[in-house]
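So that you can tell them apart, the chains are marked A, B and C in the order they are listed, and the count of residues begins at 1 in each.
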Amino acid sequence: MRRLPLLLATLCVLALVTASLFIGGYDIDLRALFTDPEARRMFLISRVPRTLALVLAAAAMAVSGVIMQMLVQNRFVEPTTTGTSEWAALGVLLLTLLVPGASPLLKMGAASAFAFAGALVFLVVLGRIGLKSQVIVPIVGIMLGALVSAATLYIASSTNLLQMLATWRSGGFSSVVRGNYEPLWVVGAIVVGLYLLADRFTIAGLGRSTATSLGLPYRRIMFIGLIMVALAAGVTTVVVGFIPFLGLIVPNLVSMARGDDVRGNLPWVVLSSVALMIACDLVGRLIVFPLEIPATVVLGAFGAVVFVAMILRQRGKAHV
Amino acid sequence: MIEFTDIRKVYGDDTVLGPVSGRIPAGGVTSLVGPNGAGKSTLLTIIGRLAEPTSGTVTVDGLDVHRAKSQDVARTLSVLRQENHFTARVTVRELVSFGRFPHSRGRLTREDVTHVDDALDFLHLGDLQHRYLDQLSGGQRQRAYVAMVLAQDTRYVLLDEPLNNLDMKHSVRMMAQLRRAADELGKTVVLIVHDINFAAAYSDRIIALRDGRIAASDTVEAMMRAEVLTEVFDTPVRIHEVDGTRTAVYYR
Amino acid sequence: MSETHLPAPSPVETARDGKGAGAAAVAPVRRGLPPAARLAVAGGLAAVAVVCFLFLFIEGSFDFAFERRLTMLGTMLVVAFTQAVGTVVFQTITHNRILTPSIMGFDSVYILMQTLLVSVFGGGVLAATDGMPKLVTQTLLMVGFTMLLFGWLFSGRSGSLHVLLLVGVVLGLAFRSLSDFLQRMLSPAEYDVLSARLFGRLSSAEAAYLPLAGAVCLIVGAVVWQRRYRLDALLLGRDAATNLGISYKRELTVMLLLVSLLIAMSTALAGPMTFFGFVTAMLAHQMSGTHRHAVVLPMAFLIGLITLAGGQFIMEHVFYASGMLTVVIEFVGGAVFLVHLLRKGTL
């Protein structure tokens, strides 16, 4: 019986996936899929990749949020509130300048490497800050992000890449076609890794001394965790741009509803992120039809509202 | 006299304090004791108007501390919390000079300087006065904070666990200095003490809190009884006469 | 107070008491120039920088060049004042030495406003609407945004400053994402017009705004100066300040209002800047040798002025890149910020 809610949730997500597959500027229905080869081609080249990218990107951001929250022991961190995404953007920009026409795979490598460096810088800075309230940590992260993005903007403006940067930051899924989203599958491996390592991340988050006294190699676990975050953030940033707040609001909402059981929450986190992502994408596609607003922008607005509500709720609960 | 009436403090659905009512007469040393989470700090910070009560009023010498002008309250009552985080790097003397703010609003007169000197002398901080706070040991820093509160020259002085982080020697000194402040300077000292025997040795009155209520409140002699303390602390306590003072024994 | 004296502890005992014990540690720690002399030195340097900037290497018509430079100096004075005073006060009331007021989302509001204008009315609109009404409207909109935030957050019983900051930051991120989206819909030509406004700039400020900006600075400056001792006491934190008889919430609200007015005006006049304020405030705290705002505030202003006037002079005549000053300052400032954070890390 305990499985039933999860089953229902899965069905919901599948319904959303189906909706995403069959809604769009080019009319495709089930019958056309079997009779019209042109429609089938369209479907496979554009709709399927787009929907898969949505699913995978959502899972990636949710998972990297969860890992960061465990490692830092703070509810409010995720790649966009720790500057990690901004570092990924800087990496891509530099690569674009140094190696014009670099392959997407190379871009992802650069983005991931910079995201990793960024996450490291964030952790080092955090380790040196005395006062670590739940609220100060993300402020510091965002400040770091602002610093990196100032550098990015400066470089972009002096090389006339500013608008390309804006285009690419707000990303979206409309340009995803077969052949450029496949690296997102790496996210699958990360989800599995997280499921296996969840307990270790939690212990590592309690600090070096606790981890060591429990016999865990602290450095190695932190390293693995950061690699996972960097890969997820880097790949997602290159394929679909910044996805703000997703990795932050979904894990928090799930633990509000179900308590803090990381492993048990994981399926719910992934399912809800996917559902939210697809819903935002559908809203963005339908609201100004036939134009579209990128899902990332819809999510940014929605996520900000939910995030603020969460902060205020935390304040209401806090003593003193 | 400090008088508090129907004080309650509620966070969400939790009532952490009250309703409690009581009075603390002027003069002497009064200790607040009780188990963890009994509401001692909450009560002290509400009396010191650092926190607003959910309901109820506090008056000190007839002054409603939550409604009167903050500056007027600051000339009647001073309050020191356990933890103090400063962003600025200040010397001991500068810190103690801040105590004169309610009187001078920042521009020190000759009288203010005398008060600062006296407070530094009283806590034996003369040699340390030009040291920065972050160069001091925990005990020295604690003394500097207390000196600031004394320089404020208020009739009432409220202190939240002034013995926190102090070793045996410094705890004894601190309590002796607070006792002297009450006896020689006529202050009314109200403080939270963890160690019931310290409270008994240096106070005139003890107020015991438990579960957000006042469990007992009386003179030291009346409070230092086995049945009262056992009830308050929810742990078996025996009383022995040691060197003429009643001492609580509860270690095993 | 007390006439009786207990025997004071001997110096040896005191020294053993301390952490960094030793005979040297007992001696007074103060060294170097007194604060007034430090201010005088900074003032002298600022005067030199201003004179160099105004009078040296003028080519062609003296009157024309001088007038242009005088206007720019006016802008520098306003920017240095708003950013320096705004940041020092903001750091005092938020109890940290690394955050700058721009974190409250001023930049994002400003960028979103510019982007919206261009998106709706096209690229010509920015130049066409430049003028006093726009400057005032922009300033008021940004102040209004922060006021709305404060009013809403402080209406609760326990107004937490850090929560306020985080909410501001998050809304800033959301605005940013919206601006990004709008920007990608612009034609490249329109975008070029817009992007010129997205960086801090000193030269484009018009002389006509300066009297108003100067007047606002003077008024805010007077209010802050009058409250300088209260600012000192606010350094001790909420509880200690309340104990000293300061109405913490009221003081905080007044100060945040003033800060938002200063920074909003600076942003509307010269574009967004994040790290310039950080650098001036950090240097001012280090150079002043005291925590007292009576010294730190003027010191920060002077350092800001030295940086702008001296920097512009060097950029113009050494690097021949007169328009790049703010970008360079931001870049260097950002690097200093990161190094500072990694070395010190104290909040």
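Convention: a residue touches a chain if its C-beta (ideal position, glycine included) is under 8 Å from a C-beta of that chain, and two chains touch if they have at least 3 such contacts.
Chain identities (UniProt): A = ABC transporter permease; B = ATP-binding cassette domain-containing protein; C = Enterobactin ABC transporter permease.
Keep in mind it's a predicted model, so treat the numbers as computed, not measured.
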Most remote chain, CA-based centroid, reference being chain A (ABC transporter permease):
B
Using CA atom means as chain centres, which chain is nearest the centre of all the protein shown?
C
Could you state the distance in Å from the CA-based centre of chain B to that of chain C?
39
How many angstrom lie between the centres of chain A (ABC transporter permease) and chain B, each centre taken as the mean Cα position?
50
Counting in whole Å, what is the centre-to-centre distance of chain A (ABC transporter permease) and chain C, each centre being its mean C-alpha position?
34
Numbers and ranges of chain C residues touching at least 2 other chains:
347
Contacts with two or more other chains occur in chain A (ABC transporter permease) at residues 131, 316, 320
Chain B: which residues touch two or more other chains?
85
Which bits of chain B are touching chain C when the two form their complex?
45, 48-50, 52, 69-75, 78-81, 84-91, 94, 98-99, 101-102, 105-107, 115, 118-119, 121-122, 124, 126-128, 130-132, 135-137, 139-140, 149-150, 152-153, 180, 184-185
In the complex formed with chain B, which residues of chain C make contact?
1-2, 4-6, 8-9, 11, 14, 17-20, 25-26, 28-30, 91-92, 95-97, 157, 228-230, 232-233, 235-240, 242-247, 291, 347
Chain A (ABC transporter permease) residues within the chain C interface of the complex:
76, 80, 121, 124-125, 127-131, 133, 135-136, 138-140, 142-144, 146-147, 150-151, 153-154, 157, 162-163, 166-167, 169-170, 242, 244-245, 293-294, 296-297, 300-301, 303-304, 307-308, 311-312, 314-316, 318, 320
Can you check the complex and tell me which residues of chain C touch chain A (ABC transporter permease)?
98-99, 103, 156, 158, 160, 162-163, 165-167, 169-171, 173-174, 177-181, 183-184, 186, 188, 191, 195, 198-199, 274-275, 327, 330-331, 334, 337-338, 341-342, 344-347
